[in-house]
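Handing you this structure, nothing more for now.
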Amino acid sequence: MNLKKELRLKHIILSLLSSALLLSFLGLLMQVKTNTYKTVGDIFLNLNMQTATANAVTSVVTFFRGIDTVGEVTVLFLATSGVALMLSSTQRTSKKVVKQESFVLHVGSRLLMSVIILFGVYIVIHGHLSPGGGFQGGVVIATAFLLLFLANPNMSLSHGILTLGESLSGSAYVLVALIGLFKMNILLGNFLPHPVGEIGELVSGGIIPVIYILVGIKVGSEMSVIVEYFIKEDYYKEVYDA
Amino acid sequence: MSLGYYFLLPVIFSFLTPYFKKIGLLRASSILLNLLLFLQTLVYTMMSLPQISLFSIKPPLGIAFILDGYSLLFLLIFTFSGLMVSLYMPWFFKANPRRDEARFYLFFNMLIAGSIGMILSCDIFNLYIFFEITGICSYTLSAYNKDKLGLESGIKYLIIGSIASIFIVFAIMLIYLQIGTVNLGLIAQRFHQIDPKISVLIVLMLFIGFGTKAELFPMNFWAPDIYQGSISPVNGLFSSVVAKAYLFVFFHLFYLFGLNSKYMLFVMVIGAITFLVSEFTALNQTNVKRLFAYSTLGQLGILFMAFSTNSIDTVSGALFHLTSHSISKLLIFLTLGILIHKLKSMKIDILGGFKSTFLTIVLVISFLSVLGIPPFSGFIGKILILKGFALSHNYAAVAFILLVSIVEAIYFFRIIAMMLDKSRAKVIVNVGVMNYAILAVLAALIVLFGIYPSLLLHYTDLAANALLHPTNYLTYALGVGL
Amino acid sequence: MLEFFNDTQTIHFIIIVGSMSLFFIGFYGIATQKNLVKILVSFDIMESALFLFFIGLHYKVGLVAPILDKHLKTFTNMVDPVPQAMILTTIVIGLAVLALGLSFGIEYYKLTGRNDISKMNELRD
Amino acid sequence: MIFQIILLIMLAYVVGFIYFGLYRNITARIQSRYGPSVYQSFYDSIKLFSKKNTVNFGWMFYLGPVIMATGAILTLVLIPIFSDSDFLRSVTSQGNLFVLLYLMVLGPLGNALAVGTGGNPFGVMGVVRGLTRLIGLELPFYIAVVGLIIAANSSDIVHIIDLQKTTGLNIINHPLLFIGAMISMVGFFGESPFDIPGAPQEVYSGPRTEFSGKFLALLMSQGSLFAFAKLVLIVDLFLGGADSLEMLILKTFAIFVTIIFIGVVYGRYKVEQAVDFLMKLPTLIAVLGLARVVWFG
Amino acid sequence: MNSIFLLLNLLPILFLYQFGGALHVELNFTSSFTLSLIQTPLGTFFAYLSMISFLLVTIAQKSKKFSFSYYMLQLLLSLAMFMIVLAGDFITFFIGWEIMTWSSYFIISKSKNIDTKSLQKYILFSLASAFSLIAGMVIAYSFAHSFDFSVISSAFRDMPFNIQITLIVLFSLSFFTKAGVIGLHYWVVDTYSKAPDLFSSILSAVMSKMGIYGLFLIYGHIVGYQELKMMFGTILNGTNFGYTLAWIGVATSIIATFKAITQDEVKKLLAYSSIAQLGYIITVIGFGTAYGVAGAMYHTLIHTIIKLLLFINVAAIVAQTGKSKFSELGGLIYRTPVSFVMLLIGIIGLAGMPPLGGFASKFMMYNAAIDTKFALILIGMLFSGAASFLYCYKLVYGIYLGHPTSKNLETTKEVPISYLIPQIILALLLVLTGAFPGAFIKVINPVLVEFSLSTIPYSGLGVMNSAVGSFNGLFIISAFVVFFVLILLLITRIKSKAKNNLNRFDISYCGEVPAQDTSLHFGFGFGADLHKIKFANAILKRSSSSFYESLATQTKKTSELFSRMYYGNIHNTMLIILLFFSALFFIGVN
């Protein structure tokens, strides 16, 4: 009883605190006069004609702030490795779920999967032309595998291929960065001849589509791995409970 | 030669980790990688500073790695620590075999790469990404044991790290909203033009973010837990690399944004409280790792006090102290790794339960150095710090540091007395050739910097100058004259 | 009828109110919740609030997405691309941390059967 | 000079023993009994010199009385006997008051060593009591001496004596110091109420328990020499010295009688009582005297 | 190994001799400060004192096996002291000081009797001393912008008054701790008594003198006696400062003397005696007169000699018998006669009896007090001197006289010759200093010139001059010898046969014959009745330990309080961070 009261008191105080903070933040942020300066983004927009991609966000992500993306890919990779480190070691039961997927589910999921993958690849490849890109496409590809797992818990992915895709694409990304260093003395320098084509064409934008494709492969495989680990984990638990 | 290697080489190494089928090869290449980076750093020491490596386009639009005097010192510490730990790891894993050893090297190298990225990057958002890389590596490494304690520490670290990163992201967003840039140079130029209330908010958020990670007092209750839950070499890295990297960033931004005049006293008081509380708490510990964790917190407290003084001499002394503390703590934690393995306990008694003249000597040297007793390197740092405080007529700080140092001495000498106590049951510990060499090198450095401080003082002076007068850094960060 | 939405100020006001409310809901969450998963969700709410805040404040009436198409041939009158790039990066990082946190939580739950962070107190002297 | 020293020793020997005899007589008369002959102690010492020793505890036991006697003679030699003559002046000028203060303790130390060697616990008990009493006993005396030294700005006794010729006697100038010194003297002479170390009734001879024969004789002789020396010192310090033998005898005898009368009147203090007492009133008196010298002198 | 280290110990002496007063080395340590060694008369005096002490102790160490590390640490210690006394600036001084601290710590830790608590006491007090020194150093630096003694000295005049006071207090506290002034002496007794036996002699004779050297350095060199006079004004013929300091010193010597008397452990007695004797030195060191300085220096010399002698003597006895308490020793006089004689000479010196050097130094100090008219101070000194006879006697009686308290004491052999050689040398030195006190005036005068005080007139080797009188040590000692020999001859002429009675039970014992198990040794009973004396009891029942114990308890409680904070769960930690943020937000932004 007492404890409950205390808890409630704590909650009330904290909610009051949160609201007080909210109000003062609102008060503060309302006064914000947004940038009196020309932002970096505006300059990038002007510069964007050089990189010759139709999607300015993509050029910012992969080129102007390219090292951010390397870092980001690394973070994702590290998280994947961390998840793998955590979840791979416990002895998995060899028990399989007895329940078999139905035929409709089997065929339907596979059909849908190919479409999804195709869509993901499209998003990746057109990252520099339209909204989307490596990350988005990669995640879409991973959803395809999610679908598969949902349909058939017994399924397992070929880790060899995934790892290969993951590490090779990652290494290739770094290599692209290093080639830039050797050719232009700037890491991630846009060493490919560009403009090859006009803005808005598929083959344009120098290294940007290359990078996005690499990122797409990497993110796709990494997300798939993560998805697999979590699905299997959840599944494992069910078995364990039963 | 490019600063980018500091990040890209470890990245490519970690991407390729799954293909090192033989663990020996992985160990060797990890050592090689760290050696290469260390050698590159040594080459950089002979070059004129600052150095810059561009990514994509030149700053202030693009991102660049800039190496000035300040970051050079940290770079030396980090790559050196990395080298030492990578040399130590083969023994450690031979002693404590692990199936997923390969992943350790991955996180280990990325931890150092992330820390180095934080100190080199001249873009605050990029810095945040390295912050997260370091963070994720440290979460994973603290949970590396995968037992209850390890996971607990991992979860704790992750939660704390998430809070810190949310505040930092918020701050970065506010900065961008206000002045439309994330380049450190431009922010430094325009920071005073931010609406004062918002600027306070930004500073506060950055303070909470980096202060939490740098283990400042009211936000450091998690820190000892992390040390306790993780393996000893990782402890060494946390103490001598990661904490120092956050400290670097803290003061880099502190001075770059010109916050020194306004917030100096605040940071100094917070540092002092950190020092006081940690040293008192350490007195009561029976777990070795926690004990030295508190000791680390305490030393960070002194460093925060000294760094915030805005005087070249004090900051130089603080940098000296930081360096010697890094070396000492690395030595202590690596030794602890040996002892914990041999004596199968984490109680403080293990320090009295081993018999090895060599280990005793190196531990004593490092303890004395941490305490600031001549002729070891800690003394130089401490006397410079005290001298600096005295020169600014801040005698209260002098008295405070000295008084709390006595508290610190209580537990350090209790341990020394334990080691020297012949009546305790002793287990003979043979160290192994490699560890012998590593520990001897570390101890020799402590002595060397103690009796020939000019060697290091050259770099700390350089660093202090670069920190307090970042004009050169700003020129490069703004991309002028590239 | 909804013309007043065409005012940048108004939109910003709504965005600030909405995102900050969301942010402090997350804030309240991490302050009161003890379930690890709920905490992680709270973090995500806070992050999402920040994304909303950041992107939203960079929108001004009359600006379009910075992507060329058949009709748009120059990069003028477009919203700032940098916040979007930054948010993209932050989302991925948030995702990574979330995944890692969940995996820790799962492993911890397997070992102890607990996910209450206030009961994680085995690390002590 | 050697002749003078021998003469001095002889004089002190005789006078000391006669005083001792007188002391026994006077005490006896006050206690309404006859008492021994005045020369009795003299005879005793002669007799003891010729008597056989019964025991010997080794060489330190042998040397102890010798050290004691040496201390006594050295003390005697270093005190100027006559104020206006050159008698032994060349010798006395080699020392000063501080030397004397410490030489006065050297004798007891030799005694204590011999007693310790003897190994009789009662003897040692006496020594310890003596040394403990010394803590309190020396205090008023030291204060008095220091006061005189500061007043004269010299630790040279001759100078102190000479000074009294112009400024008047110290007993008049510094009566408080004199009282303090006299109370200490009562103790130095082993008189009641400070006679616990010897404790003639309980531990039947205190420090001297084990001594016999020539050792006892030596102790007795040095005791009389020492007593004389102390009396002369008081005379020199407070009564302006003596310029002739008669004056010397007169003045020393006056002091001696005073001491005896005090001793006869009072009962004995325990050692701790003695120290407590000495540290209160006599010390206070002496300190007042000293304060007068230092602040108003 | 012993001989090698003996030679190594000779090196500094030769080095010093070689330079002959003109040593001046400077070394660029860092950009902001240099290390310098400068030979001053004062430093030279202390350097020779400590180096020769080390040499003598090393000779004594031949008799026992000591490890290589022990010798190394001892060598390090001697070099550290060398560094201290020849330092020309504070950094050098401090480095030497700290090396001294930890090398001695490690030597002490090698003792068999040592326990953690005593070690902690020792090191914490030493560090407190060092930290107080460092605080003074850096504060001085903040005004002088140099650690150099001469620069600080000239800058001292221009500092604000409160800084001057602070500096003097800090430095004094530091050196008082080393010398063991009462209140700060908590570590002394335990350390001295539990250190390796021979090392106690170094602790007491040499290391405590470093504190004295420091005081000389501060009062005489850095601040300057003239400056002290100007700062604090005068009282009587001395300075207010000197008067205050003298009271501290007198209190130290009186209290320590009484404490010494009641000790049962030999080395504890010596430790307290050491505190008391250093109390004398501290009493006169602040007088600021030539005689004060001279007295302090002379007593430093004498105390070094005596304490070396006594501690080596006791160490030898402890090594020989395995006993270290008065209640377990006794009756060794005829077993170890040479040791006895040495100890006897030592305690005669310690008590300050005339023929030996102990008197000369006391004379000098007393004269200094008279010179300044500090009468009560002088009384205090005399009083504690009188009380010290008791422990002097206890020392000699408890060990050598009386009856052996156990069987194996009756078969003890004379201590090894290597213990005796240094003792004999020291005893000779003691006799020489007593006989030729005038020689010392020649040593002191350069120091007085260094401190810009008036010099002491010199009139012959045997004569000690002072403001208020002089004495001829040579005469007194020769007169003593002459009378002694004469009386001895006289008494041996008187033939009287006596049986040599060495049976412990053949004594007069109230008519009874003591039984075999009757304890006839009175050693441990010493000082027990001191408790009945009110004044002594007031001193004896008080102890600084309760203060320090409660300090330790408080520290521990604070520590527990703080550590409870760190056991909070992560939820609370998070909450604290958020609340901290909110608090700062509301304070900072609004």
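First chain written, first letter: the chains are A, B, C, D and E, and each begins at residue 1.
Here is the rule we use: a contact is a pair of C-beta atoms (placed from the backbone, for glycine too) under 8 Å apart; a residue touches a chain by one contact, two chains touch by 3 or more.
Just so it is clear, the structure is predicted and the values come from calculations on it, not from any experiment.
Q: Show which chains lie in contact with chain B and also with chain D.
A: Chains touching both chain B and chain D: E.
Q: Using the contact definition given at the top, which chains are in touch with both chain A and chain C?
A: B, E
Q: By CA centroid distance, what chain is farthest from chain D?
A: A
Q: When all chain pairs are ranked by how many C-beta pairs they have in contact, which pair ranks first?
A: So the chains sharing the most C-beta contacts are D-E.
Q: Just give me the whole-number Å value for how far the CA centre of chain B lies from that of chain C.
A: Going by mean C-alpha positions, chain B sits 30 Å from chain C.
Q: Suppose each chain is reduced to the average of its Cα coordinates; what separation in Å results between chain C and chain E?
A: 71
Q: As a quick test, compute the distance in whole Å between the mean CA positions of chain A and chain E.
A: The mean C-alpha positions of chain A and chain E differ by 75 Å.
Q: What whole-number Å value describes the gap between the mean CA coordinates of chain C and chain D?
A: Here chain C and chain D have centroids separated by 102 Å.
Q: Give me the residues of chain C that touch two or more other chains.
A: 27, 30-31, 57-58, 80, 82-83, 86, 89, 93, 96-97, 100, 104, 107, 117, 120, 124-125
Q: Two-or-more-chain contact residues of chain B, please, as numbers and ranges.
A: Answer for chain B, listing residues that touch two or more other chains: 125, 129, 132, 136, 139-140, 143, 146, 155-156, 159, 163, 176-177, 180, 182, 197, 201, 224-225, 284-285.
Q: Show the residues in chain D shared as contacts by 2 or more other chains, in ascending order.
A: Touching at least two other chains: none.
Q: Among the chains present, which pairs are found to touch?
A: Pairs of chains that touch one another: A-B, A-C, A-E, B-C, B-E, C-E, D-E.
Q: Considering only the defined contacts, which chain A positions touch chain E in the complex?
A: So the residues of chain A touching chain E come out as 17, 20-21, 24, 28.
Q: Could you list, by residue number, the parts of chain B that touch chain A in their complex?
A: 2, 4, 7-8, 11-12, 14-19, 53-58, 60-63, 99-100, 103, 106-107, 110, 117, 123, 125-126, 129-130, 132-133, 136-137, 139-140, 143-144, 146, 176-183, 190, 193, 195, 197-198, 201
Q: Name, in rising order, each residue of chain E that touches chain A in their complex.
A: 579, 582, 585-586, 589-590
Q: What residues on chain E touch chain D, complex-wise?
A: Touch list, chain E to chain D: 236, 331, 333-334, 340, 344, 348, 351-354, 359, 362-363, 366-367, 370, 373, 375-376, 378-379, 382-383, 386-387, 389-390, 393, 396-397, 400-403, 468-472, 475-476, 479-480, 483-484, 487-488, 491, 494, 496-502, 504, 506-510, 520-522, 525-526, 529-530, 532-536.
Q: Which residues of chain A touch chain B in the complex?
A: Spelled out, the residues of chain A in touch with chain B are 28, 31-44, 47, 63-68, 70-72, 74-75, 77-79, 81-82, 84-86, 88-89, 163, 166-167, 170-171, 174-175, 177-178, 180-181, 185-190.
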